[in-house]
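See the structures that follow.
In what comes next, subunit A is part of two complexes: it sits with subunit B in the first one and with subunit C in the second one.
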Partner chain A sequence: MLEHALFWVLAVLAAAAGVMVFRFDSMARATYALLTSLLCAGGVVMLLGLDYLGVVILLMMTVEMALMAVFMVMYMMNPAGLMPMSMLHNTKGAAVLCGAVFAALAAGILLAPWPARRGRPPADPTHDLGMSLMGPHMLTMMTLGMALFATIVGTVVLATRRGRYDRFGDDLKARRPDDPVPGGGRR
Partner chain B sequence: MTLETLLLLAAALFSTGLFGALTQQSVVMLMMGLELMLGGLIVAAAAVWHHIAPAGADGQVLIVLAVTVMAVEMAVGFAVVTALFRAQEIDMTDMAAELKE
Partner chain C sequence: MSETAPLWAAAVLPFALLALAAVTAGCGAAVSAAAERGPAGSARELTSRAAAPLREALRLLVQQPRTTTAADGALRRAGVALLPTAAVLAGAVLPLGFRSVTDPGVGIVWFNAMEVLAWAAVWLTGWGPNSALSLTGGYRFLAQGLAYELPHMLAITTAALGAESLRVGEVVARQEGLWFALWMPAAFAVYLLSAVAMAFWGPFGHPLGRDAAGGAAAELGGPARLVLLGGRWTLLVVAAGFAVPLFLGGGHGPLLPGWLWTLLKTAAVLAVLLAVRRALPAVRMERYTEFAWTVLVPLTLLQALAVAVVVLNR
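Let's look at the complex of A and B:
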């Protein structure tokens, strides 16, 4: 009973906070609303018996939204929302499209003949996940690892101030880059 | 806490995030819409794991995948915003579209 009540509180809060993300004038408030929504989603995951993944989601979203708030202050024109301005486009078309998407998803959810539950949850789902990632789903884990490594390299390349034209000039085949500090094996 | 209720919550989060991703001009706000959509995916995967196939770990692996995609999306998104801002002080999607002209 308590579980059901908690679920409804989390579900309503997640949906309402999700809507408020795009209603607030202040970007800081929007970030907190998104954080609330995602924390409630993490809470729902924990209610379903996935404690480890739920805690991972809670911790990751908290840090992620803290970083997002920093970037908002850096890049947004009006981070505090003191001068309300509209930064939206095509709201009517998007509202119709999203309403149609929700209606289609809801129709599918309510009309689909969902299969009956097969099996019972393991005593320790976290152990099950670990064994799966290190066993039959090893390829998934390896792909995720490579994707994260590629992300690290890609983000550094994108965010660095000096690009290849800064280093080599117009002639990208030049032997030596024009670096302020020589590095690598060419020192 | 039926499967249908959980999936309706996931659909609501996904649709709201889609609305944000389609309407927001700020790149950072657009990314918030994408995060919300992935949040819906996480709830849906957990619901399917719990109500349909709890014996296997496939639903949990899908959640790990979605959480990783969220992290990658945010990191690459902010790197792209930084690159755009460095190039021409652009922080809006409409202005970024003019770069190709």
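Let's look at the complex of A and C:
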């Protein structure tokens, strides 16, 4: 009973906050409305008994949205909603598309022949999740992680304007890097 | 081992944390006053000095709130209220002795998730009033968070690794013979550093720095200011208190009951943090960022590796 009530509160809040993302005309408000929606989604995941996934959603989304707000405010033309501006694009097309997707998903929920539960839920879903994610695929995940990390470092190295010759001089012998803002790595 | 406290404990928790925060602030005020004006002449003067934060709280309660032009009041209020809320929610997994309000299987991740809500809280408080100085304070906390959060996560992960569990009660139970602080000193030291940074206080006080006229709190007056500053002291108490189950053996100890050991150890950690605030100047954030990424992250990784090898050979 309590779980049902909690589910509906979280679900309605998540959907309402999601709608408000498109209604607010301030980037800060839109970002934090999105965070509210994602936190409620994390709560629903916890209600499903997947505590670890749910809490990680709370953790990751909070950090991500806190940082994203900074970049949104930096780059958007109307960060605080001081000038009237619509953030909606292709409203009619989007409405038709969203309506169709919603109808298809709802029909899927109602029409799909849901199987009865077989077996019992595991005692420790976190452990089972880790095993099914990582168990036989550890090498794949490690390789993937290294490849992603190398891509990030490579992209930053290629994108930065200042190279090591700018920082440490033509002979690379300067002890302290010549940076416009101090705090860069020393040797 | 660990059990859940009765339901009324959840209602008592916020007040208990607030009381601890008030006592800590009082001790801090007494130490500061002794440093500035010499030792207290009488017990009465000492009490009066220690009660300074309470007097300030009463003053703020009746002070006129401040308003600014074109402020985003909703976001500011959300940010101010979020800070103490996050501190209390993080405190729900703090065991007093061997009992906490709740002891979920992922308690350590829960604690971390609640403390990062402070990132959102401080930024919103800085953004809300539409003032450059408070916005600077809000941005500073995000920069500070990027410097402390990664070593902090690695440090608490190391404690979880040593106990082979994310459950706080299990981490306490595993320290019956040997405290984690003794064989994970690097993780413990990094945790203490990040506990101060998390509460943006002392050497990590930039977000409310004097050079920015009070930073994120610059435009707050009256009750809002009280809630934010009280929330920060509560966050400090909770962060210091969590070092006890993670690294200092929780309620384990001879003779005395578990709850008293927890309180004594928490008080000891808070005393160290108060001493750190008196002893250290504000840390320059760009220097700390470099230190965090080039020294603390590799150090905590090595610490985690050492603990993992021990756990595998157990």
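Everything that follows uses one rule, which is that the second predicted complex is superposed on the first by the 138 of 187 C-alpha atoms of A that agree within 3 Å, B and C clash if a C-alpha of one lies under 4 Å from a C-alpha of the other, contacts with A are read in each partner's own complex, and residues count from 1 in each chain.
Throughout what follows, a contact is a pair of C-beta atoms (placed from the backbone, for glycine too) under 8 Å apart; a residue touches a chain by one contact, two chains touch by 3 or more.
Every value quoted in this text rests on a predicted model; they were computed, and no experiment measured them.
Applying the stated contact rule after C-alpha superposition, one finds that A:Leu58 touches subunit C and leaves subunit B untouched. In the overlay built on the shared chain, the residue A:Arg118 is in contact with subunit B alone; subunit C does not reach it.
Between subunit B and subunit C, the partner in contact with more residues of subunit A is B.
Shared-chain residue A:Ser26: touches subunit C; no touch with subunit B.
Of the two partner chains, neither subunit B nor subunit C is touched by A:Phe149. Residue contacts after overlaying the shared chain place A:Leu47 against subunit B, while subunit C stays out of touching range. Touch criterion not met for A:Tyr165: it reaches neither subunit B nor subunit C.
Of the two partner chains placed around the shared chain by superposition, subunit B and subunit C are both touched by A:Leu67.
Using the contact criterion defined above for the overlaid structures, shared-chain residue A:Leu34 touches subunit B, although it does not reach subunit C. Of the two partner chains placed by superposition, only subunit C is touched by A:Val181; subunit B is not.
Overlap of the subunit B and subunit C interfaces on subunit A: residues 56, 67. For subunit B in complex with subunit A, the residues that touch the partner chain are 1, 3-9, 11-20, 22-29, 31-33, 35-36, 39-40, 42-43, 46-47, 49-58, 60-61, 63-65, 67-68, 70-72, 74-76, 78-83, 85-86, 91-92, 94. Within the complex, the subunit A residues that touch subunit C are 26, 28-29, 32, 35, 51-52, 55-56, 58-59, 62-63, 65-67, 69-70, 80, 82, 124, 126, 181-186.
Interface residues of subunit C facing subunit A in the complex, by the touch rule stated above, are 70, 72, 74-75, 78, 104-106, 109-110, 112-113, 116-117, 119-120, 123-124, 127, 130, 139, 142, 145-146, 149, 166, 286-287, 289-290, 293-294. Here subunit A touches subunit B in the complex through residues 3-4, 7, 11, 14-15, 18-19, 21-22, 27, 30-31, 34, 37-38, 41, 44-45, 47-50, 53, 56-57, 60, 64, 67-68, 71-72, 75-77, 87-91, 93-95, 97-99, 101-102, 105-106, 109-110, 114-115, 117-122, 125, 128-129, 131-133, 137, 140, 144, 147-148, 151-152, 154-156, 158-159, 161, going by the rule given at the top.
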